[in-house]
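Paired with chain B in one complex and with chain C in the other, chain A is shared by the two complexes that follow.
Entry: the complex of A and B
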């Protein structure tokens, strides 16, 4: 099978990549992971890089994700912000899950923020919507609907005052 | 029932509830000046067949009024657009500032949280480093103990070997006793002359005189026979 490439090819599946919780805050520009292979205390960082970096990059295509191997005695994650500041996270002797939870609580958007973003995108992206904030303000602008009564008056049988007998049609206009 | 305050613009109806201990005041406003009938109420009969004749304005006046209205519309719409642009810019600026403020607040929170987590990790690392060194130390001590024990065993075995060799070497001829041993050996002759023929006669000694039928059992000790002088 041509798609079963590399170690643990499940990392290449959309199901694995669509992990919603790894959406970083908008002011994060660079995400750097540094660790050493073969050292027991670096195992957690190595596993995190192996399993979760692909998800991180998929969910944050505008963020630069880089890894450095073999240059450090202790593993760490360094994050650079758009304001120029940087954050150093010491992940020595931590497991993959500990590192994941820490990244999610510290650097990622909360569930509330994700839901709001999703709602906004739904409202903006759905072309069938009309109203405030949408491309069409009123249903009368949608093709196939009746024109705006402010521009073209409704026919008599659609007006309540004539339907319910509060007024009578002036037939002389049609003569 | 409820007190009403009337004015040229409208009337105020002050509603109050006596049921509750605390007096609550509701104010409803009805406009008299620009009153319009609801859409579902029919036209009054007096207004039904009213013939409204519109007197057309003179041409010059119409042109003047149109020009004035157009100018007014132009000015008011340009003012509105200008105001709109300003308010949009202001809003964008406010949003940017809000985002910046919220970003700074968020960054401070993140740094605080991160520092606390880093401290925890540092503590864990220090404890585990001490533990690892203790384990290494214990391993080294255990290895050393094992080597010492092996050395003791080896020494004991060596001692045993030495002792057995020394015991074995007790019977060895020493240099000091060499002359004595030679004299002894010279004095004591070993007689290899011994034979038993088919009839059972033993022939031994230098002079080979048969002894006759003798006991054929092999003697336990070798016979160191002195030299027998021929009779």
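Entry: the complex of A and C
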């Protein structure tokens, strides 16, 4: 955890930021929160902005996430869609968790949509792939390729130290 | 929107709706001397991968606003134009969301002042006793009545780097 200073620096960990549920629908362009500091009925909106707004921006880098403070006496969340329409959410006297659940159910992608998106991006799905996160770790595991040099040494003409004269083949071994 | 269409048409562009997802942004208006345009400062967030933190960055856009519906300080919604109008104008001003000094609470529809409803403030004033010379929202003229008399933000600003005694004449004096 880097930069462990300030209020609740846990918000600056990838574990906290990688909130898979806060992926907004693709037609959402702007996510605006408005609240006032110090007012008890605005506490939920302030806490939601404190804990979840960085997650929202992290999972949705193309969405403009902004906060306005002290414009009106009622806290609200205003979302602008690419069609030009907007959605208004009155969050007066609601707790942070209520607002979070509301945002997730109305504005975010469903679990099914997220699963489908994840499947598409998964590298291990393609059986021809090899490497980190795949079924086969190295090209040496693929049939038809050269076996692993850790198990069977490569022939001399494929080894750099013999090719470029840093070592000489000891022919007495073959006699 | 109709005037935007006609003004764009005169520049050889068509206002086409439903051309796919439009890039919308919310920003604050700043003084702009470009005619038929408004300068909008949009607050964006820059991600720092090491600190895992977001830092504020302000992007400035010149937006097409032929009727000058937005004034300095208003929070407006801007939309990216399909093709830039001039070298500077890349966006168009769609709507004024929160006009400065005249904010309307979107949920109740009531006018606000300083983060509180105007009628609540009036009740407070009545209890404390309102000054005769105090600002009256109902009697006050609309914003912009001092433009040309005392408000010069629509003119390009002067930047003076040095005071020359032989050149700077008395028209600079107050």
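Here is the rule we use: the second predicted complex is superposed on the first by the 120 of 175 C-alpha atoms of A that agree within 3 Å, B and C clash if a C-alpha of one lies under 4 Å from a C-alpha of the other, contacts with A are read in each partner's own complex, and residues count from 1 in each chain.
The rule we apply is simple: contacts are C-beta pairs under 8 Å (C-beta built on N, C-alpha and C of every residue); 3 or more make two chains touch, one makes a residue touch a chain.
These figures come from a predicted structure and were not determined experimentally.
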| item | value |
| --- | --- |
| Chain B versus chain C as contact partner of A:50, first or second or both or neither | neither |
| Touching partner for A:129 - first (chain B), second (chain C), both, neither | neither |
| Touched partner set for A:27, first chain B, second chain C, both or neither | both |
| First (chain B), second (chain C), both or neither touched by A:90 | both |
| Superposed model, chain A: greater residue contact from chain B or chain C | C |
| Touched partner set for A:12, first chain B, second chain C, both or neither | second |
| First, second, both or neither for A:68, with chain B first and chain C second | second |
| Footprint overlap on chain A, comparing chain B with chain C | 27, 74, 88, 90, 92 |
| Touching residues (chain side chain C, partner chain A) in the complex | 21-26, 42-45, 47, 50-54, 75, 77, 94, 98, 103, 105-108, 112, 114-117, 120 |
| Contacting residues of chain A [partner chain C, same complex] | 2-3, 12-14, 17, 26-27, 29-30, 32, 36, 54, 57-58, 61, 64-66, 68, 70-74, 76, 78, 80, 82, 84, 88, 90, 92 |
| Complex contact set, residues of chain A against chain B | 25, 27, 41, 74, 81, 83, 85, 87-94, 102, 105-107, 160-161, 164, 166-167 |
| Residue ranges of chain B touching chain A (in the complex, touch as defined) | 39-43, 103, 106-107, 110-111, 113-114, 117-118, 121-122, 124-125, 128 |
